[in-house]
Amino acid sequence: MFGLGGSSSAASSGPVNPAQIEMAVAELDMITDVFNRLVSSCHAKCISTRYSEPDLNKGESVCVDRCVAKYFDVNKKVGERLQTMGGVAQQSGSFGGGH
Amino acid sequence: MFGLGGSSSAASSGPVNPAQIEMAVAELDMITDVFNRLVSSCHAKCISTRYSEPDLNKGESVCVDRCVAKYFDVNKKVGERLQTMGGVAQQSGSFGGGH
Amino acid sequence: MFGLGGSSSAASSGPVNPAQIEMAVAELDMITDVFNRLVSSCHAKCISTRYSEPDLNKGESVCVDRCVAKYFDVNKKVGERLQTMGGVAQQSGSFGGGH
Amino acid sequence: MDFSQFNSAERATLNTIIEKKQMQDFMKLYSGLVERCFNSCVNDFTSKSLGSKEDICVQNCTDKFLKHSERVGARFAEHNAEQMNQQAKP
Amino acid sequence: MDFSQFNSAERATLNTIIEKKQMQDFMKLYSGLVERCFNSCVNDFTSKSLGSKEDICVQNCTDKFLKHSERVGARFAEHNAEQMNQQAKP
Amino acid sequence: MDFSQFNSAERATLNTIIEKKQMQDFMKLYSGLVERCFNSCVNDFTSKSLGSKEDICVQNCTDKFLKHSERVGARFAEHNAEQMNQQAKP
């Protein structure tokens, strides 16, 4: 879902293909962005800001695990929605498959 | 206000002028940034987050139209303010006209 | 703390060293980012959003000065914490000293 | 954005840049929607899967935001055009 | 930022970069102020134009933020200078 | 991220980029933590220095966030791996 690297095998030697690098960097930035949003959303949902102890207690830990699972669900749901609506109305750029 | 492109006509052929491209890209980024802030401000002011139906109802639609109008008003007001105060006190960089 | 420029003296003439430039730009971006967060945190803590007058009143000014001081304290505390925990668990990249 | 000021080579370069930016904007819209609709619609962590009420809420939240964004886009273009004419008057 | 570590060519490059960044910072300050003061001051959408109370609020919000930002800037510089001296001591 | 699709020169380039990004991520984590824990823990501006209660709060806030972020990272990796397998099935 978040890290859909292609799996074509490339010759181990050869020049640097800037377009490939750019795509990989864009994908890395996207994964980092999604991760940061996930961390901040689940912190808001699960962690009490009284900060009375340094460790996650039982309830917070269980909540975080479920929160991540549900976040992935919502990510899938929104993805399907965007595909059925053929991408955002004013976005003319084509958005290739799930990559 | 937001898209102040110059209107000098350029020869249709000739080399790429990187400075021109950079200015155009900076302007595009600014327009996108302003648009995203406008969308999020008017969403907060006009759209109820109960999300009981998928479409904008009458009240929400009218509110959005007025919200965009007032946002442009505030944009003009703040622009005038910044110009009268000669740009922000600690900003030494010169900021050319309205471009 | 925020602007830890090195103080080695360089020959005044010579070619541009891109790595040096990149480091300086990265440091500038970090200082700007920290400053913007400081401005917004202390605005939330000290400035009343009734906006009844254009100037900072006595109470607001004193609060802002103390707020900046305490922000620097927290910055030092968090820095020490991160160093004792050897950097964030999943960060494998080495982070050179205080620079 | 007035494109008459650019020659054809510049327009080609700009179009490639614009296309990449639209891709990035679409990804930001996507991850922004996930965050916004998750925060608004999902509040029950007694189970690992989305409840039916949460599911409907996420769909309405997504649709509503896209329609909202579209309407703001239309008003935005109208206001910008209006200002361009005001400036163009001698 | 200690500029003594750069040669004149590097300083020239850095100055151009800094000038561009200051332009961008000014634009971000501008759009940030519009968003901040709109959110704080404008709450009545029964009409399309700014009410007089809203108008005053936007002006005070802008002035106050700039003065606030200036004061934070002064304290920020003082604290940074203080830390630099502490490090410089052998 | 599947690195088999890159040749050794590309992998070297990517590693340098990734190292720089990890440095930037660490700095963003740092300044994000300062902002987050300051906003949550510091509310008394009758003095210029951190109170003992505020000091403990900042330490717990930092530790808790790092542990939270670590746990999310683990679940994130598991879910991503799960999806990769689902796609790999013919």
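The chains carry the letters A, B, C, D, E and F, assigned in the order they are written, with residues numbered from 1 in each.
Here is the rule we use: a contact is a pair of C-beta atoms (placed from the backbone, for glycine too) under 8 Å apart; a residue touches a chain by one contact, two chains touch by 3 or more.
Just so we're clear, the structure is a prediction, and the values are computed from it rather than from any experiment.
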On the document's contact criterion, could you list the chains that touch chain B and likewise touch chain D? none
With residue numbering as the guide, point to the option in C-F, B-E or A-F that repeats B-D in over half of the contact pairs. A-F
Give, as an integer number of Å, the spacing between the C-alpha centres of chain C and chain A. 28
Per the C-alpha means, the centres of chain B and chain F lie apart by a whole-Å value of 32
I'd like to verify one number: the distance from the centre of chain A to the centre of chain D, where each centre is the average of its C-alpha atoms, in whole angstrom. 18
Spell out, as numbers or ranges, the residues of chain C touching 2 or more other chains. 46, 65, 69
Enumerate the residues of chain D that touch no fewer than two other chains. 25, 41, 59, 63, 69, 73
Could you give the sequence of chains met when travelling the ring from chain C by way of chain E? C, E, B, D, A, F
Where on chain C is chain E touching in the complex? 1-17, 20-21, 24-25, 27-29, 31-32, 35, 38-39, 42-43, 46-47, 49, 51-56, 60-61, 64-65, 68-69, 72
In their shared complex, at which residues does chain D touch chain B? 1-10, 13-14, 17-18, 21, 25, 40-41, 57, 59-61, 63-65, 67-69, 71-73, 75-76, 79-80, 83-84, 87
Within the complex, chain C is touched by chain F residues 19, 22-31, 33-35, 37-39, 41-43, 45-50, 54-55, 58-59, 62-63, 66, 69-70, 73
Could you pull out which chain C residues touch chain F in their complex? 26, 30, 33-34, 37, 41, 44-46, 62-63, 65-67, 69-71, 73-75, 77-79, 81-82, 85, 87-93, 95
